[in-house]
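Working notes, beginning with the structure itself.
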Amino acid sequence: MVNTDTRSDRPARRGTPIPGTSSARGVPNLATRSQEHINDNPLMPPIVDGKAVFDLDSGKYLKLWQGPQHPGITGNMSLELVVCGDEIVECKTHVGYLHRGFEKLMERRSYIQCFPIVCRIAVPEPDFNEYLFAATVEEIQGIEVPERAQWIRTLNLEMARLASFFMWMGGMAGAFGLGTQGQWTVTMRDYILDRFEELTGGRIYHMYMIPGGVRGDFPEGFTDRLRETIDTCEKTLQDVERTLFNNAVFKKRAKGLGVIHPDIVDQFGIVGPNARAAGFARDVRKDHPYLVYDQLDFEVVTHTDSDAYARAWVRLQEMYQSMDLIRQILDRMPAEGPFFTKLPNVLHWNVKPGHIYKKAECTRGEYGYYLNSDGSDKPRRIYVRGPSYTHAVSLMEHLSIGCNIADTAGLMVSLHTYPPEVER
Amino acid sequence: MSDQHTQTQISSAEVHEVFADLHTRYGVRGLEEKRADQAFVRTDRDEAVAVLTHLRDRHGYTHLAFLTAVDQIEEGRFELLYMLHNYELRHDLGVIVEIPREGDGCSMDTIHRMWPAAATYQRELREMFGIDFPGSPRLHEDFALEGWHDLPPMRKEFDTREYSERTYYARPGRTKTDTRQHMKDTIYPSEAETW
Amino acid sequence: MTQMILTKALYTVISLAVITNYALILIGTMARIRAKVQGRVGQPFYQPYIDIVKSNAKRTSISHGVMFFLGPVFRLAGGLGTYLFIPAIFGSVIFSNFSFSGDLLLMMYFIFFGQLGMALGAGESGHPHSAIGVARGLAQMTAFELPFVLSVVALAAQYGTLSITEIVAAQQGGFTHWAAFTNPLAMIAGMIAFLGMSGANPFSVVVAPQEIPIGPPTEMQSSFLGMLQTNRAIFNGAKMVLFMNLFWGGAAHENLLVAILIMVVKTFLIYLYVTIVGASFPRFKTEQSIRFFLGVPTVIGIAAVVLQMV
Amino acid sequence: MATADTQTRRYQEPGAPGNAAVVNPDPRTVTGPAGGTGQGDVQTVDGQLRILTEELKLANADLRSEDRGNFCDHPPEVIKPFRAFWENFLNWARSESLWILGFGTGCGAIELRPLMTSRFDMYQYGIQGRPTPRQSSVFVIGGYASVKTMKRIVRSYEQMQGPKFVLGLGSCTINGGMYWDSYNTVNRLDHYIPVDVYIAGCMPRPEALLAGFVKLKEMIKRGECEGANRYAENFEWYKANQKRIIKNWDMPDYNW
Amino acid sequence: MSLKDLVTPFSVWKRALEKPYTNRKPLDSRPGADRYRGFHINDVDKCIGCGTCESICQNEAIDLVPVEGRKTKHGDSGLRPKVDYGRCCWCALCVDICPTGSLGMSNEYVWVDSDPEVFRYVPGHDEKPWNACEKGYRRAEGYDLLEPKRVEMPMLDFSESQKSFVEMVQGYSKEQAMEEADRCIECGICIATCPAHMDVPAYIDAIRRDDLADGLRTVYEANPLPASCGRVCSHACEHVCAMKHKGEAISIRWLKRYIVDQIYANDYQQFLDAAAPENGRSVAIVGSGPGGLAAAYYLRLIGYAVTVYDANEAAGGMLRYGIPEYRLPYDQVDKDIEYIRSLGVTINQNVRIGADVSFQEIYDGNDAVFFSTGLSDPYALEIPGEDLRGVIPGLTILDEVTKGQKPDIGDSVVVVGGGNVAMDAARTSRRYGAEVTILYRRREVDMPADEEEIHESQGEGVTLITQAIPIRIEKGETRRLKLIWGKAEMVPDDRGGRPRPRLIEGSEEVIECDTIVPAIGQQADYKFLPEEIAGRLEFAKGMVTVNEFKQTGDTKIFAGGDIANRKRDAISAIANGHSAAKGIDIYLTNFAAGGRA
């Protein structure tokens, strides 16, 4: 029934990468990673029935757990590694340490009661949850959000991206044992959080983009302080760029690490900077402009090396891009206007029946909410599509084969995964 | 704006073309156009994998954004939703497949050979909904839960609050007073209107 | 004779006490300096003392067997041995330790000895991260030993002796006499090897928190850890004094206090050098580290030796 | 769970007010096995009814036979503090050298990061992170604990060397927080491990965390943080509670 | 590995020469932002304990609890929210939704304790360091989860309305009703205040669900005259409505009316409970006003044979004869009454007790008697000239109009009084083309009439003169009558009541008019009671004394309506009828000879 050899008919991919740039280290295609290929490698275990078989008693292999309490793991999750010497021959990602059953909880909460909990789904970058939840509900209900609210939301999302990238940047340096930049960048993130706190009343969980608009306008003098903060951040980021991206040892570690071959990008559902570093100019902000992104000027950042260094570079450029976007937003947004539109009484709000999928470009790529409403006061189903889902589980399991134990942290971080959005 | 992004959005006609193709080949039905860039269709369980393959290989829907299920308990079925995306046309297409909730019928063909990442989704669906995907790797390993032996928690009949109260006791000592009852008790304790 | 032994014992105790306390304060201070580059204030300089007291004040501890217990003991012994056979201050009666009876070879043996002891203890703990850490540590040690040995050989050839005291003695009389300037190639090879020996970035492959938290001492706790912390101070002090003696003219002055001051300044700068490099670079992988040591520093070391031969 | 041979009735009726003492004994006041009244705890083994005594419960009656070995039932010892002055000095050292276990169990980990980096710099207060439980003295429970994490929390807590301290971060540790009705998160942390200080908030700001540490330091100096001994004294009670929620104890046989 | 890559990393040390980022004393120097969502504060005097915060909280972190020293009263449940910080997630939705705006959040955020039980408190009541905190989160201007404005009721234009007796209030459409119903926050504060304790939130919810049958059922549980009440109820509920603290109260009355308007009388039977079969006992009811009808309805519903005796041609009492048609059309009164009649209640019209049939006869012939005869004797102005022709009591005018007679009022009318009867009389007169002036002794705010009545009467061109005390009536020169009145000043009441008017000596003014309508209240007429029975009853200030089951001194006799309660409105009478029905049932079932028990 399924015709597997269809590649010749497949339409050309947009933004196809420059050929010959993928590294020799990358496992080219899942299809070619066949039994023979693996069995050729004496380090690799024999494969029986499509599964690797390890004789742990042989002394050749060692089972090694990284996480959940492990400084190299991006949060509360764990990797079950089977290593041969220093080389990883099998990796299983274990998640669920943070599973709170959000999707279930939302099914027994009214729509307004879902609003405070969605932001907890991705802790370091909660705003995309807020926005997408609000946007799906608004779209199903047919609520028009005032223009100023749209600008404020865009600003919020870009600030969130910037803050999240800052934390990631520190993590990237830290994954290779360099703590200095991490100390700076987390502080920069903190400065942005200060602005968030001023604007939204919350530091980590902003709970600001409520269906219908936002919960408050700018406080007095906010834009000036935000500009100042962005200037400070930019200066520090330049320092980080100079000392990290021109760092001999960092380059040695990151270049050639965890190459994602362009062919597997779609097979593994890879999105965001991970895909852009593989040469795909895909960005939801451009492809499906939401909020006011169609009124902002920016270019999609791409790279072709597709290794940890390329991904870090893409993210670095996107941080500058975010700063630029924040400045653009501050310059162009309407000076005043309503920021909230009337909702039905939220205490007994029955959202119209229907279903919709909305997505936005978070730091890790396509973040999406699927809302299925049956016309009652509670959602029938909300599905949260976090990009970490595929990146942290199947992609990580795929990429780590053949890596050094020492590289797992760097590889993991370079994929930029947040476990809470995997398990929700 | 860069010129690579000045491509036109998919037109409704193109969506209809894809739909017509799927309809004649596989009897796909129920086209719902939500937005210019998003539509949903429904297909039968037996045709689903063929439809997905066809979409991926002939129509450029190469990206599986997610796979999930919606519990339509009243109708005794799950709706599996395969959300596909076409980067060429910038179009989302949700393929909905209905399967029975109970018994042997609560299973679906695996698509991990088409999208290796789908294995994870299928593991989660088995754990959270109890949907079987024969042949999917590591299907019966724990995913988010560990040592779970109650109903699959995302099924509608599973009551999370009841489970929580039964399992993880809340801190005692809280009292609450019903406003209406309290006002009745203090303002009109013995009047005869509440029969 | 008895009196002589007692006097020597007293001197040793004093010398040990001074170096231990000095190294503890130095470690605390260096943590503050590292904090500075990270834009923060950092821990109090006396924090290492509290940490040691705290570790020893733990009420419970777990031992994984005799070797587990002996590991830190060996390590401490290695540290003491290293220190006690180098003259901390050249010409001082109190601080010359047992330098009369030790030479470079013995001292190198002690450096190894501690590592090996630790390897045994850590291996006994049964924790895979300990084992991996040990493997990495030994592998890297083998690698950095090579440039180190080469530079030592160059020095020995230059001065015609293996005795540290004599090497220091030969460097007296102005900084131009220091081996650093008379034999710069040996100094460079030696100082690069010293980076590896200190276990700071980019050669921190042994503890490597993001990779194998935290390597060999993973299972070490309570008083075992206390012992390791004490040793860390002594061993660090010993290494710095050693390199000061080898390349930087040692510390010597007729006034003991001035001599101590010289030692303090020199060792501080040596440690600062490690810190400066450590805060600027990430960590190599083990094989990268090995390749590194077997590359440029070894070549320089060989050059130094060859230069002496010629 | 696939209890092939053992069917156990729930041995405590939840929430029933008559059972309040069973459900919620204050670990600080309870001595001896406080887990249950003994009545109503019945199991069948191969169809034979059996009263489930406290010993049976502790003997992992709830667990699959192959899982029982994974469970440490050996109660820790209660270790009495030294005499006044000496203990005060040690307590001072303990309070000024707090090593946090680097285990971000929940959202709370996100605010530990600013705390341990330059903006708030916890090192200046003698606090630092430690990647192994063996060396750590403070366990910061970052909010909600899912059952899967709870298992690791218990393991890590037991691996820590006493005296050890627990900071409960955020509402979730106090009474379940916003996940009070989730099927996968515990509501009361003090049911499973002893907690020294709670910090209200969701998320608590780093300053609130610092305040928690300040409070913890004061308490340690006053000798009030005897969580490890409390755990040892009420070991059966804690174990019974842990076993009630954690059904799968299978873990790799080293640290985590 | 270029040289640059080896050298540039060292530039991190540049940072070492700069000021550290570290905040040395963050606890002191970093207060929460001005809008920070910290710990809750509550202005407990402003708070009414409506519990909306409790219902929006997704964490169930808020409990309403009684607090010391706070009494329950109308419009204030006396409960206050208690927050559990073991649950709270600081989303501040409770602050956003709080209708009174009493709830807020301070920007304080530090609370650490070793005892997990302490993290619960009643904001504003329990002593907390942040109680006086000025900063912190408040609902922003321009953001509101609740709609403060009610849906405007379509009304006849004043120019139109003053011409005819067509009902002025036109009623909500479905969309309007649903929109208005949507505003309700379901706090239920109103239930206590409604004399009949109708379950207002429940029937408003039924409107939202568009399940009007259910709404009707709910309404009939406490009020068998909804078509009438939905128009003329004094809506005490709306005065205590929590939404009133935010803006306008929910239009509870109009929503009730909406339910009834949407259902044909013929359909009532299929939605409402049928009457139980007769149980062999009978109850006589004297007076077919709201009290009597309510009692009749509930007694019939549970199986009593009910006979109503009424002196007028048509049932309804004051609903029909005291309220003009433009406010309450007669077909609406009929709708209510016909349904009650359809359950098997016998209503004997044109029967005057004491004249056509003796009270004793009724008393002896039934197991119990409920009387609710209302206030029929108008108070006199007690000023000279009151007996002149052209002085017509307000009630008389309304009565005549109902009976289809054109009242003899001439071209100009002066109404004395500030109650609803005064307004009705004035506006009725206006509809007959008269120039109308209302004289009232106190200020406008003191007027007992409904606000909208006052507003509408002025809209229809009625002149209102306040603080005017009539002094005497004389024969007029150009007109039939001349009213001399004096200006009043308000003096504080020594006993703490509302300020009292005092005549300013020498401030006499004159109005000439054709008719003077005194409408300053009425009193009861007990002449129909035989002396022997009257002797057993107790009276106080013209009212029959009854217990809470509306039982009088004679165990068989129950009384209600205006003669037994001070509120003197339809809904109170209905409530009395309801209570009496319950009392009669309890009495007959358990205590009367031959009782079923």
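To keep things simple, chains are lettered A, B, C, D and E as they appear, and every chain counts its residues starting from 1.
The criterion applied here is as follows: a contact is a pair of C-beta atoms (placed from the backbone, for glycine too) under 8 Å apart; a residue touches a chain by one contact, two chains touch by 3 or more.
None of the values given here were measured: they were computed from a predicted structure.
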Common touching chains of chain C and chain B: A, D, E
Most widely separated chain from chain B, with each centre as the mean of CA atoms: C
From chain D, the most remote chain by mean C-alpha position: E
Computed distance of Cα centres, chain E from chain D, in Å: 56
Between chain A and chain D, centroid-to-centroid distance (C-alpha), Å: 32
Distance from the mean Cα position of chain C to that of chain A, given in whole angstrom: 44
Chain D, residues touching no fewer than two other chains: 102, 117-119, 121, 124, 131, 148, 174-176, 178, 180-185, 188, 202, 205, 254
Chain B, residues touching no fewer than two other chains: 142, 144-146, 153, 158, 160-161, 171
Where chain C touches two or more other chains, by residue: 35, 37-41, 128-129, 209, 213, 279-281
Pairwise chain contacts, counting only pairs that touch as defined: A-B, A-C, A-D, A-E, B-D, B-E, C-D, C-E, D-E
Chain B residues within the chain A interface of the complex: 1-2, 4-5, 34, 37-38, 40, 49-50, 53, 57-58, 60, 62-66, 68, 70-71, 81, 83, 87-88, 90, 92, 94, 113-117, 119-121, 137-138, 142-146, 153-154, 156, 158, 160-161
Touch list for chain D against partner chain A, complex: 101-107, 109-111, 113-114, 117-119, 129, 131, 133, 144, 146, 148-149, 152, 156, 178-179, 181-185, 202-203, 205, 252, 254, 256
Of chain E, residues touching chain C in the complex: 9-10, 12-13, 15-16, 18, 20-22, 24
Chain A residues within the chain D interface of the complex: 63, 65, 67-71, 75-76, 78, 96-101, 104-105, 108, 116-117, 120, 123-124, 167, 170, 182-184, 186-187, 189-190, 193, 203-205, 420
Complex interface listing, chain D residues touching chain E: 118-121, 124, 168, 171, 173-178, 180, 188, 190, 195-202, 204-208, 210-212, 214-215, 219, 224
